[in-house]
Each structure stands twice: as C-alpha cells, then as structure tokens.
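Mind having a look at this structure? Questions to follow.
We just call them A, B and C in the order they show up, numbering each chain from 1.
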Amino acid sequence: MTIQTNYLPTPTGLYFEDFAVGQPLVHGVPRTITEADCTLYTALTGSRFALHCAKTVANVVGFAQMPVDNFLLFHIAFGKTVNDVSLNAVANLGYAEVTFKRPAFAGDTIKVVSEVIGLKENSNGKTGVVYVHSTAVNQDDHIVLSFKRWVMVHKKDVHTKCPAPQLPELASEVTATQQVIPAQMNLADWPDYASDSQLKASDFNVGDTYFHRDGITINDSDHSLATRLYQNNARVHFDQHMMDNSKHGKRLVYGGHIISLCRALSYNGLGNGIWLSAIHSGSHCNPSFAGDTIYAQSSILEITDVAERDDLALVKINMLGIKNNNPEQMEYLTQTIDGRKKYHSDVVLDLVLTIIMVK
Amino acid sequence: MTIQTNYLPTPTGLYFEDFAVGQPLVHGVPRTITEADCTLYTALTGSRFALHCAKTVANVVGFAQMPVDNFLLFHIAFGKTVNDVSLNAVANLGYAEVTFKRPAFAGDTIKVVSEVIGLKENSNGKTGVVYVHSTAVNQDDHIVLSFKRWVMVHKKDVHTKCPAPQLPELASEVTATQQVIPAQMNLADWPDYASDSQLKASDFNVGDTYFHRDGITINDSDHSLATRLYQNNARVHFDQHMMDNSKHGKRLVYGGHIISLCRALSYNGLGNGIWLSAIHSGSHCNPSFAGDTIYAQSSILEITDVAERDDLALVKINMLGIKNNNPEQMEYLTQTIDGRKKYHSDVVLDLVLTIIMVK
Amino acid sequence: MTIQTNYLPTPTGLYFEDFAVGQPLVHGVPRTITEADCTLYTALTGSRFALHCAKTVANVVGFAQMPVDNFLLFHIAFGKTVNDVSLNAVANLGYAEVTFKRPAFAGDTIKVVSEVIGLKENSNGKTGVVYVHSTAVNQDDHIVLSFKRWVMVHKKDVHTKCPAPQLPELASEVTATQQVIPAQMNLADWPDYASDSQLKASDFNVGDTYFHRDGITINDSDHSLATRLYQNNARVHFDQHMMDNSKHGKRLVYGGHIISLCRALSYNGLGNGIWLSAIHSGSHCNPSFAGDTIYAQSSILEITDVAERDDLALVKINMLGIKNNNPEQMEYLTQTIDGRKKYHSDVVLDLVLTIIMVK
C-alpha cells in the first residue's frame, strides 16, 4: 500500500496582523509546579534566598511549605504565553505592572490567559508591537501573577493594511497599595543566619548600591534546560541550525534566565530581600549568549514602610545585568543622550522591582 | 605495612558468546520513578503533552496523578538492561513489539528482566546479533512495559564457535487488540486549551504529514544528563577520552534521547496524541552528536476507532528524526533501492508508533 | 530626582586574618533536601547504588524511604560552609574525620555550623591555612555529619602580623567504634540483583584492586549545575570571565564533583558497598576542568567484621581519581619520593574511606 503524503501546515504562533485589541488568548498546557521545579531552579541559578531553600525558615515566616520563587513562577507563566504571543517575535521589548498577587506552592497548577491590550504597526511595515496583559491563575482560580509585556512581532505579509495604533495605558509603577504582602508572611522572627547576617531594610539608604561581585558564566545546556523547563518554545533559544544564519550566529539566551541569574547573584548584599511584590519596568538591553559571564548591580531607589508592620519594608531596587565586564571599571552603565537612556553594550538587563525585605 | 595490589577483573557486560537462547537476565538496580524524574524530563526535552504537565488535566482524564511519560518509562526500563545486554554492543539495531501495558506513576518502582530470544552470529566472526525480550514490572509485579530489541554485540574471541542462528519471530506490528488503553483514561472532557486547540483524530486523514518546524540543538550536557538519569551506562555516551579514537571521534548521543526530542517536537501538530500504546518498529538510522539540531516529521499511517469509545482513537504514526536539515528542502528522506529502505544521511530515526489521540 | 549612588562594599568571605581559633561560624541558608536533589544527583553522576535508587530496596534494608546519598549530603553541607570558610581560598587542602552520624532523608533540613580549630600562616605572608570542624544537623538538631577540612586562604593584607601557628590534632582515621551503622540498616535480605550480583565483603581480600573501567567526561554545565545545586558559591567554579586570567584560564571543577563521579564509577565492582561510614582522609591532588574524562580505581585496605553482625562488614578503601588516562597503562599513580607521597599529574583525587558492604 502506498500512502499519499499530504503536508499539513504546522501550527505557528500568531503574526502581527492576527492580533486584535481585546482579543483573549487562552494559553495551552497548564503546568503543575513541582518541588523538583524549585530544586532544579536552584541548580540552574544557584539562588540562595533562604525562604525557598529551607522548610524550617519558611515555617518561621508563616508558610506551611516553601513558596515557589517569584521568578520561577514568572518564567513558567511567561513560557505559557510564548506559543501564542511571541513565537514570531523579533524582540521582547519590555515589561510593566508585574504584580505577584499570591504565593504559589509545589503542587499548584498554573493556567495562563492573556488579553491583547495594544497594537502598533511599525513604519517599516514588516513588524508591529503587540501589548498583552497576562494573568496566571492557580487550580482554585486565584490570580497568582499579573503582568503586561510588549513584543515586536513579524507581520505575515508586508502588504497587509493594519489598523491605526492603539496604545495601552501602562502605569510607570505598581503602587505600594497594589503590591501584595502574602497574608501568611511575618518576618518578625527571621533568623539572621538564614541570610548570612546581611543588612536589613533599616540599614539601607536610598542610593546605596551593590556591585554583587560574583559572576556566573552561562553554558548552552544551562539556558536550554531552563528554557525547556519553562516550556518556552521560542525557536531562537534552541535551534542552532536556524541561528547559524542569524545576525549573531548563535542561540539567544532567554532573557528570563538572565533575570534569574541577576536575582540569584543579588543574594550577596540583598539576602534579606526575600520576596518580590512587583516588577515596575524591565527591558533586555542587549542579547546574551552561551559563554557570557553575567554580573549584577543593584541600587536602592526607595524604602517604604508598611503601616503597622515592624517586620518588613518594601524596597524598590534598580537591578542591572552586565556581561563580561566589571561595573566598577566601566565608564558608564547607562547614559542619557538627548533625553533618552542609552545602555553600554555590556549591559543586558535593566529592571526596576520591589522586594519585601526583613526590617 | 605494604599491601600487595591484586587487580581484579572489573565486571563487564556479556559478550556474544555469553548469551544463550532462553537465558533469563535479571537486571540490577531497580528504580523508583520520582516526580523529579518527570520534571527533569521536561527540562531535558521541552515536552508539552499536557497529561504529564498538569495534575488538573490528568484528573479530567481520569488519573489521580500525572502518569509518567511513556518514553521516560521506556528509557528507564531500557537503561536497566544495558549493563547485561548492550555494554559490549556495536549498535542498537531495532525495536519491535513495544507495548505499554499499564501507566506508571511517580513513586512506582520499576524492575526489569529480559530473556534472550534469538542469536545470530555475523559472518565476520567478530560480532553477532542478540535478540532480547524485556519486561518491566512495578512494585506490585504488574507489567508496565514489554519490548523486544536486538543489538549487535562484540564477541570476546573471534575464534569461538557459535551455535547456528536462532531467529525469533517478531511481529511486524502490535495489533490493536494487544494495545492497552489505560483503564482510567477517558478523554471525553479533554479541554481544548490543554493542547492549544490542535487537530483531533477525527480531523486527520491517512497520509497527513507534519514537518514539526521546531528544532532542538543537543548539548553535551543535555544528553549526558538524560542518559545518566536513565542509568544507562554504555560507555560510548560518556567517555570522550575513549571516543577520541573512535570512528567519529565524539561521544554518541543515546538514541533514546533522539526519540524523546522527536516526540517532544511532535507536540506541535500532534498535541492531542497524548499517550503511546505501542511502538511497532524502530531504528536509529544514523548517529547523532552534540551540536546536532534535531527536527521531526510525522505521517499518519492509520486511524483506528475503538469499539464503544467516542472519546479517542488509535493513530498510527511514522515519525522520522532529521538532523541539521529541513525535510521540506531535502530531495528524499528514505528511498527504496533494490527493495531495501535506504535513509538519507541526515535521517537519524525511523519509528512507527501508535498514539492514543483525543477524538 | 537624581539619586546619589553610594557604593557599599559587597560582603566577601573571611580572609586569613579574620579567623581566630575557637571562633564559631554559623553558616547561612539552611537547606531542605528534596527528593529532586536525589534524582538530580543521579542525573549528574550516573550513580547506581540501589539503596538510593529503589524504595523497595530501601525497605528491605530497613529504611521507610530511600536515604540521601552520603556524598550528596556531604556536598550540601560543604556548600553551606563555603561562604564563610573558603570564599577566599586558594586551595582546598584536605579532609579528615568525616563521619556520617545518621542518615538523612528527603524532607530533612540541614543547617551547618563550624568552629575554627587551627590556623597557620604561610611563610610567604600572603596566605595561611585555616582548619575547621563543621557539623551538619537536621531539623531535630541531630548531627548527621561531622567533618574537618583545611584550606589555604588569602590574607587581606600581606603586612598583617598573625599569631603563631595553632595546629589541631587530626586523627589519621575514624576508628571503627566511632563509625555509625545506621540503626535501621539490616542487609541480611539484600537482594543480589540489586547490585548486579557483584562481589560481597566476604569475597574480597586486602589488596584487591579494581580499575573501574568506565569513564565519564565532565561538561561545563554538569559541574556548574552540581555546584549550584549545592549552593557552593566559590567563584572559581562559575566565573569564566575572571578565570580567563587565572593560571589555567579555565573554571575549576568543584573537587566534590570529582569525588561523586569516582564514587559513582566505583559501583562497577563495589556495588555492594552501599553506604559510607567515614572518610578518613582525602585530598584533591590536581585540578580538573570541563572536557576531562574521569576514571576511578579502588583498593581494599581493610575488611573489618562487626560484632554480632553477619549481614555486613566495614570495608576500608583507597579510591583514586584519574583523568584522561588509564591506570593500567600508567607507570605509577603515586610515588614515594624522599618519604613524601607524590602524585602523577593525571591523578586528581586520593580518598581513604570506609564503606558498609553487604557480607
């Protein structure tokens, strides 16, 4: 018997002209987070924030079990959105209003939906910017994470006429009242040894800055494992054969892996900043590749007390990721030229986030 | 005190002349499958079949917990057999009658026994083909997996006289009645979003073919981690110092890792094919090495309804693995020359399997 | 608003002059060991000792669950000490009196404290040797592991005057009575297949030696993952940008990873040596780098019966790690020159340990 081969079009993600403002996107493949995800995250990043490392410490803080690291949750939720939002993306442009609404725990199952909240075709007619609002819920339909991001996406056809731009309103920051301190969390009995007796919120002043000193070199397998773990299926991270013909000739490291490395490196100085309440803004300033060594620098932007809480404070941080260079020896990390922020070519990440810190 | 060193012969696997038809092999090191095995499998392959990713989806299907991915189970069972069957193998020649008898779950302990079912010395006198039937049982002595494979194994001594060939009868396929649909499995309420609303069994026709588009580049650490996880101790996968002097000068990627990558890539198109009932035949057509990018193509060979089941169908698939090439741009993948199937040098895998697909 | 940047000194580990004999060090970041740690350890090392692989085997031995591999426990405990003890270390010089007091299980939380027990400035004035005694306790404050190690540590300032040397008394071995056989452990019903019917304690004689034949090539990602899993934050293992200017120009593989590989390789011959009671002495003779292939050789030094125990014996072993070479083809592994032990440049590990072996 001869079977006649009939090639079907393989499902692709959406192209710019496939999106419409208001369009809901129900992302596939819900994901149960396991204890193994958390352990593997430690192996991938070297993170040492004690709340995620020791059940005894989690218990002291008020949690029955260790909560999932905020960025692990973020990457898993983000990964779900890739297949619909950014499979045809040129670049991941930015994040806003990233709010951690509720802790996740091993055993929780995360499902993610998005809504298209803005569209803007680029003048070259080849690409456009898609703005989405993504919401991750757990098995009880409680929102655990909400975030907005925008990506530059290819058009399928340069000749397609696209509607006029519709830009979303994006808050420049998540306000303190929008930020959630987990209901269980009480840091009054935080043991100093848990974080190597590092400085606490009350020890810091605005402007205080750490170059976190340690560096971590990315291996191809590290970032591939991480990105597959998050089930992020963007081809640019995995397919060297395809990337041979790309600008850099190399697989791109998933930007979220850079975020996680910087966060892990920041333990050395900010070890008492044990939880994230918000990411106000973020951008991947330059690409990273296997072989790059990542360093991090954090500056305190704001320290906000919380009414009737002596145990903790909200500390707003600007975290920069730098590759293959030492910020102490660099002339500048960012410059303002003609009113626009310009990054040194070795700066790979610029994130403004708020951490909940032991006080 | 001086101790006189007495070198003992290190245990080696069996050589061709050590095997006898009917010989039972009780493989060492039973293995409890953990939730972490399943998570790590996701990190190693990027697999997204929702039944193994989300407890909520598993529950809808009728499982109390997420079942172990069929190929993860296969690799663990296969790994157990290596120390006895294929430590001195030249090549893994083929598979037949691979039948998944019962789902495995995290916490189950797998023990594997084999029986030698055939032997055939090669005319060069240096090697022979060993056929084995392997059976994996769980802690309750229920069979979870049964499979036959044949490998070309070195003789210890070229001059040893070997018995006349004894070839086993190998079925060309696992019949539909031999295939097991897990007792718990009911796909009537399968949520479309679980698999990104992809096509279902009733949408396909025989001959329909997907080139699965995504590619995944193998890193040395990826395949080493996978193969160690399966406790497959064949030296060719691990020992670069030894392989420096081999034909290709490189470590061989465990063929099972290629199978898993192809299966994972096939999600994009066959996302509703959530379970394996059988592998009818399989061969590793060419070797793969770190640095190779693996692509997959699947063709529908048969769609078989199951009596009194509206929720699912058995879909027989021919899955090909291709390295560093795009099947759409290749003149041929397989050719028939003088009645024999010949593979393009970039084709690394040819597998015929049946998946249980949402209907 | 312009924020004035104020660079804070990033926490560094202690320098030689920061240590004082008797000083207690309470190490940060307690660590709950998970089932995933154990699974990942298998993936990183390929270890096959059945007690840690199969719940059914653990049950037969008397354990309700699989105990944590001794070396995994050791590396996690060791990792905790790095931030205080060896962040500024030049080299990890040796181990003594490593005693496994009590098994650890998935779910246990490990906390580590150390005491400085000796100090000796080197004559060059640039470095000194720090001796510490480290103790790992579980969540019930039971000691699970006790060990001494000494490291060569940089001085912060060459001109600092340091006190006269204070050398600790280090036992040349852990005596049999100090060694702990886990209370639950009974090997009377050890199933032969669990360890591939290998030799038992009663089959061995002093002097018997195995070259373990298998080799395992280290990939950069393998050792990075392992070392991050143990939260060992010594920069030499991770920061290629910094190591570009080091003697070898490469990241050093954490010595503990070499130990684990040798132990895993030793399964092939010593598969019935299922538990460690003590490490009497150990040293990392030469550095290892990604790309090196590690082999192991073990010699039986002593076989000690235990009163009223027919099921097991204590077997003292000298385990050597060799890189990129075959001990059977090497003129020597160690030589005694002028009364001092000298190592071949391909010998990377020299460990004397006692394993509990099925009898």
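The rule is simple: a residue touches a chain if its C-beta (ideal position, glycine included) is under 8 Å from a C-beta of that chain, and two chains touch if they have at least 3 such contacts.
Molecules present, by chain and UniProt name: A, B, C = MaoC family dehydratase.
Source: prediction; values computed, not measured.
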Quiz item: What angle of turn lays chain A (MaoC family dehydratase) on top of chain C (MaoC family dehydratase) when you fit their CA atoms, given in steps of 5 degrees?
Solution: 120
Quiz item: Taking shared residue numbers divided by all residue numbers at the interface, is the value for chain B (MaoC family dehydratase) and chain C (MaoC family dehydratase) over half (same) or under half (different)?
Solution: different
Self-check item: Centroid spacing, where centroids are CA-atom means, of chain B (MaoC family dehydratase) and chain C (MaoC family dehydratase) in whole angstrom
Solution: 36
Exercise. Could you tell me which residues belong to chain A (MaoC family dehydratase) and also touch two or more other chains?
Key: 34-36, 39-40, 219-221, 225
Quiz item: So in the complex, which bits of chain B (MaoC family dehydratase) are touching chain C (MaoC family dehydratase)?
Solution: 3-8, 10-12, 26-32, 34-37, 39-40, 83-84, 107, 109, 111, 139, 219-221, 224-229, 231, 233, 235, 238-242, 251
Self-check item: For the chain A (MaoC family dehydratase) and chain C (MaoC family dehydratase) complex, residues of the former touching the latter
Solution: 34-36, 38-40, 42-46, 48, 50, 53-57, 66, 193-199, 205-217, 219-222, 225, 268-269, 271, 291, 293, 299, 301, 324-325, 328
